[in-house]
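You will see chain A twice below: alongside chain B first, and alongside chain C after that.
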Partner chain A sequence: MAVRFQYFPSPQPAVALLARGLAIVLALVCAGLVLGASGASPIMLGLRVIQSTFGSSFGLQDVGLLVTPLILTGLSVAVALKIGAWNIGAEGQFYAGAFAATGIGLFIPGPTVVILPLMFVGGALGGLVWILILTLARAYAGVSELITTLLLNFVGILLAYYVSTGPWLDPGGHALGATARVRHSVPEIWGDVHWGFPLAILLTLLVAGALNFTRWGYEVRLAGSNAQAALYAGIPFRRHLITVMLLSGSIAGIAGMLELAGTVHRLQGGISNNFGYLGIMVAVLARGSALGVLAGAALMAVILNSGIILQTQGLNTSTVLAITGLILFFTAIGDELAHYRIVPVESKK
Partner chain B sequence: MSALHETVARPPPGTPPIVLFKGICKYFPGVIANQGIDLEVRSGEIHALLGENGAGKSTLMNILTGIYQPDAGEIIVDGYAKTFASPVDAIAAGIGMVHQHFKLVHAFTVAENIHLGWPQTPVRISAKALEARTAELAAALNLAVKPDARVEDLSTGEQQRVEILRVLARQARLLILDEPTAVLTPSEARELFKALREFVSRGNAVVFISHKLDEVMEISDRISVLRGGRKVATEETCDCSQKSLAKMMVGHEIVLNDLRGRAAGATSVSPETVLSLREVSTHDDLGNVALSGVSLDIRAGEILGIAGVAGNGQKELSQVMTGMRPVTSGRIEVGGASFTAADAEQFAAFGVGHIPEDRLHSGLAPALSVTDNAVMREYKKAPVSIGNWFRPRAATALAETIAAAASVAVPDFAMPVRNLSGGNQQRLVARREMRIAGKVLIAAYPSRGLDVGAINTMMRYFVELRDAGVGVVLISEELEELLNLSDRVAVMFHGKIMGIVDGTSTDIEEIGLLMGGRQTTNAPLQSAVH
Partner chain C sequence: MDIIAGLLQTSILAGGVLALAALGEVLSERVGVVNLGVEGLMALGAITAIAIVTATPSPVLGLIGALGVGFGVGMIFASATVVLRANQVLCGLALTLMGTGLAATIGKAYSGMPARATFAPVAIPYLSDIPLLGRAVFTQNILVYLIYLVLPVTLHFIMFRTRHGLNLRAVGENPAAADAAGIAVQKFRFWYVAAGSSLASGAGAYLTLAFVPSWSEGVVAGRGWIAVALVIFAGYRPINAVLAALLFGAITSLGFVGQARNWPIAAPILSMLPYLGTIALIIVPVLAWHRVRRLMAAPAALGMPYYRDIR
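Let's look at the complex of A and B:
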């Protein structure tokens, strides 16, 4: 019997999930083929990656360190998507949070018990300030946040470069192009992994819970899905847009603060490690779901960690970027294909 | 029927049909638009294509004019198989279409529009000469147009004539009209029919797409009925009746009935006004005046119909009556209190339900679940919310109640509401709004996109509300529907109420004149405005 593919408005969940798994496998196979062609043994490399990531507590600790900022930047992007805004600026807000936390940590005297929470609040506020003006521009003048958030990234990145090589450069001369070490640090929970990790998970659960189990969350989901319907239902779209975008900026700022106070301890250029941009990928992999961010961030952390291991094998880091790109690429194809079902063609009379 | 039919020149036997469709199939994502359609259009006939919204009429004609390519089947023009890659190919073969939404350049004059994209237009020509050519064409084809007028200054009826002239000037032998009378007043429609008769009497043909039974009976020689993408039948018009056509269209017999009468126990129209507008004016989204000085009183227990050609301010009227659009001047009172500055939430809280014109754009969030959409009006109240907490389970329970009342079968309440059919979405919205419409229900085009059975159900909803003492405002383009239901009918034209006529003592012709902007002196006006 003849069959044909027919497009359906919503994908089949099982097929979509399967397609995502296949996308990762396909991306790895592609990367393996390229590596094989360039003379390396992909299987050996693969085994080594798996062994060094999951075979030792050090590997798992590294993943734990990477996953913390990825969860938060992913959450930041995903939360903005709930109200229908694209926060491409998690990178800049990350820097702003790290910058604010460093300022507080370096220049306000006091015991860690006081200063660390202050740094946390400062980090959140830093991210909030970074998104504030363009949030208002979007809410009141309809200026596309897609462009403004992106542009402010460069300002944030350069600001961190400037202060860490200029006014705040380590006077002790211990670090080149970085500030002095911030005394106050987030306590460690397991090896190198600090309390930021459970905190990031907690924040994600809180946001997911608020979206699904509060009136505010319902209003945000409705307003984000269809602003016209929000007007119809008497829901103040603009107010929700502003609060959610500010929340998104704050979360990215917290990511920056935790990375500084938990992992790096000095503000320096490149401290973000592209976590802000990778957060977009995490949110896309999570299909904009707050809980899905946890899975997306975990996957991304493993890939990033593999990259570090591959680098020790003398491979270029761009291999990893290529793999992440391929995964996103195949995922997009898979998501589209999951809309199709095979249906039999009706025979003509 | 009329004497018109006897003037038709029948082609000699053996002449191939102008167009022959053979087994045309067209599929869209999730939809079978056309399936195995065989149809012939002969020269000298007006061939009506009848069917409900979504029956596949427009798709079939878009295939004929090269806008879509068929997935299967072939088109034979004058005995030769043809494929049209674009409308340009189709018009070269003598097939032209006038779409429901005109494709004219508003800032250009009539003459410029006629000559736009036409190979026969001289490369260098003065505006005067263009206008002279246009006048010649208009005279030759007997279609009165003003060559030097800008299209934006013309009435819809005049714009349609320009569209038709543009097609006929390109030597079209088959003219396709997609619901041409939807935008016309009754007298404009009669002029159009005369022009069409003349056109086919020269051996040409017309395909007339419509879902209005009466005009199809009046104008056509043969009628083909489509249903669900398939052809049900082709019949000689003289062998048909409105009843038999309606049956073919919907697949079962329908009853058009007068629903104005009240049952014994029902509330009669109360003298009390629940919602009143006084000299209300407002702008549309583009800042143009959409309503000017509208005064209306809606009484408890009545159905007030709003008639008028779509786009004359009805949408904005429904929006100011539900708090979705601020007024620029005038006052709104609801239940005796001033609601001039109230928002949608306050209107809904008072008991004003609203079935919006475009359910997918304002009544629903298509990507959210059926549950989320069903509770849109009651999510602030227990049991769906307690304090600031939203309870998904209670929400689903409420959604199940609403779906059951609307007799909509929902396989999964977590699936996006866009997966429901248009009719089911509409029923769900209607039931949701009825629950909060304790005082007033504003229903804008509630029957759009519904089949006849679903329309009858919807009308019964309104009667149910009216009998419970709710004031219902029914905005519709279907005069028959309005006259079946309304106690009074207000007619809108260019943002004004032209007059309010009694639902019992009027006929379609009077309302039609008001719809066309003409103030009649003999119409039984209850309250004249301006």
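Let's look at the complex of A and C:
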């Protein structure tokens, strides 16, 4: 019997999920082959990664530390995607949040119970300010947020580099190219993992709840899937676009604040391990579901941690970035192919 | 006057990177495909050029190698976005991540070394003796003339003065109509995306062979993204793109001049100028002149894959 491939507007969920899994496996196999060709044994490396990540509580703690910012940057990008906006600038908003939190932590005196929440709010506001003008430009002038948000990443990185090597450089001279240690830190919950981790999960569930069970969330989702229809139904598209993008920026800012106050404690040039860019990955893998954000963040955390474990083998963060790109590439292709179904061709009578 | 001549010379040199990458992006976007992998393609081109030049001290081979790598990677990108019709934004971001990461991984061995051979500036006889600005404009490396004169004029001619160019633009504006008129939409898209990617990689080679000239991680520093933004600013026209690149080159060189002359502004702040300038320049014109929006509009089918039949 003859068959043909037919395109369907929406993929079958099971096929889509399968395509996801295949894409990730295929990307990892490709990366393994390249590593193998360069002389390393991919299976040995893989075993080492698994052993050091899951074989000890230290390994799991490291993943726990990495997953916190990834959940939040992933959530940030995913929220914006809900209304059809690409926030590629989570990296910059992350830096802005860390910058604002550092400023508050270093220069406003007071007990931790007061200053820490202040830093949290400051971090969120930092991220919000970072995306504000671009949001207005998109909403009122139709300027693509995709490129403007990305360009501000470089400014954010330069800003953090500037203050941490210039005006805010540690006066005690304990750290090179970093600010003094911020006294107020997010308390730990398990080993090195701090309270930011449950907070990130809580925030994800809150946002998902708001998107799924409130009128606002319904309107946002409708506006995201069909802006014309939303306008026709009297939904204030522009207002929702602005609130969603500002929310997205704030979440990325919070990620930066938590990374600073929970993990790094000093503002420095490379405080983000490309968390903003990896957040795009998380959001894409999540396919718009909150549970997906958590799962995607966990996967990216393990991959990022593998890169750190394998650093002695000549791998580094750039290799991880390349592998991430490979996963994204195959995922995009897999997503498209999942739209096709094999249907039998009926013989003409 | 020396300052202005120096500024112009650096602007032309710095703008060349952006101009070449932007011309590549114009090709791609005119047939309706957004290529957000420019940043990654530039990184790959930059490291290819350095690797070749280290092995055989010929900058021309380095450039050709980079163009070739760009073309090959562009064909992979086009296979995904044009043939398989995968999401262009995602594939572009993926290409940027892969290219940047791969180039940085390969580049570890070449980091910090100056390029063994470069495209050196050549003074054009007579023209470079023109008083005031002659030296600034006509003592440049050979690529500058290619990028600022030959390439944009050729592309403009092809795009707006030939049947082939009309077809090319039709593919980006209304692929269904183009298809009905017998134009091979997918072929146009595939080869122009590959060619555009090739130019983007060439821009990377220009960066490491003529402008910086050495490799270091992060040498591309967002120039690929600036080039993408510049195409919007230039209204998807080759000659405008080159002029816009010159303007952006001027913003960049302002930072250099500031550092060289010890302006009381910190270097990182000056380094922010090109990014902030780019953002300002794509927002302000749209706000200022509403009519510009229609005149400079993107190709109508930009970013949308073409399905001949969805049954």
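We take it that the second predicted complex is superposed on the first by the 339 of 349 C-alpha atoms of A that agree within 3 Å, B and C clash if a C-alpha of one lies under 4 Å from a C-alpha of the other, contacts with A are read in each partner's own complex, and residues count from 1 in each chain.
We adopt the following convention: contacts are C-beta pairs under 8 Å (C-beta built on N, C-alpha and C of every residue); 3 or more make two chains touch, one makes a residue touch a chain.
Just so we're clear, the structure is a prediction, and the values are computed from it rather than from any experiment.
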Once the structures are superposed on A, label A:Leu321 by its partner contacts, choosing first (chain B), second (chain C), both or neither. second
Specify the partner with more touching residues on chain A, choosing between chain B and chain C. C
Applying the document's definition of touch, where does A:Ala233 land relative to chain B and chain C: first, second, both, or neither? first
Does the superposition put A:Ile280 against chain B (first), chain C (second), both, or neither? second
Once chain A of both complexes is superposed, is A:Leu337 in touch with chain B (first), chain C (second), both, or neither? second
Answer with first, second, both or neither: which of chain B and chain C does A:Leu151 touch in the superposed model? second
When the two structures are overlaid on chain A, which partner does A:Pro111 contact: first (chain B), second (chain C), both, or neither? neither
For A:Gly172, select first, second, both or neither according to whether it touches chain B, chain C, the two together, or no partner. neither
Check whether A:Tyr7 is in contact with chain B, with chain C, with both or with neither, and answer first, second, both or neither. both
A:Thr214 contacts which: chain B (first), chain C (second), both, neither? first
Where chain B and chain C land on the same part of chain A: residues 6-7, 9
In their complex, what parts of chain A are in touch with chain B? 4, 6-10, 212-218, 221-222, 225-226, 228-229, 231-235, 339, 346, 348-349
Please name which positions on chain B make contact with chain A in the complex. 23, 27, 29-30, 35-36, 322-324, 343-348, 354, 356, 361-368, 372, 376-377, 379-380, 385, 388-392, 415-416, 418-419
Partner chain A, residues of chain C touching it in the complex: 36, 40, 80, 84-87, 89-91, 93-105, 108, 217, 221-222, 225-226, 228-229, 232, 266, 268-269, 271-272, 275-276, 278-279, 282-283, 286-287, 293, 307, 310-311
Touching chain C in the complex: which residues of chain A? 6-7, 9, 86, 88, 133-134, 137, 140-144, 146-148, 150-155, 158-159, 161-162, 165-166, 277, 280, 284, 316, 318-329, 331-333, 335-337
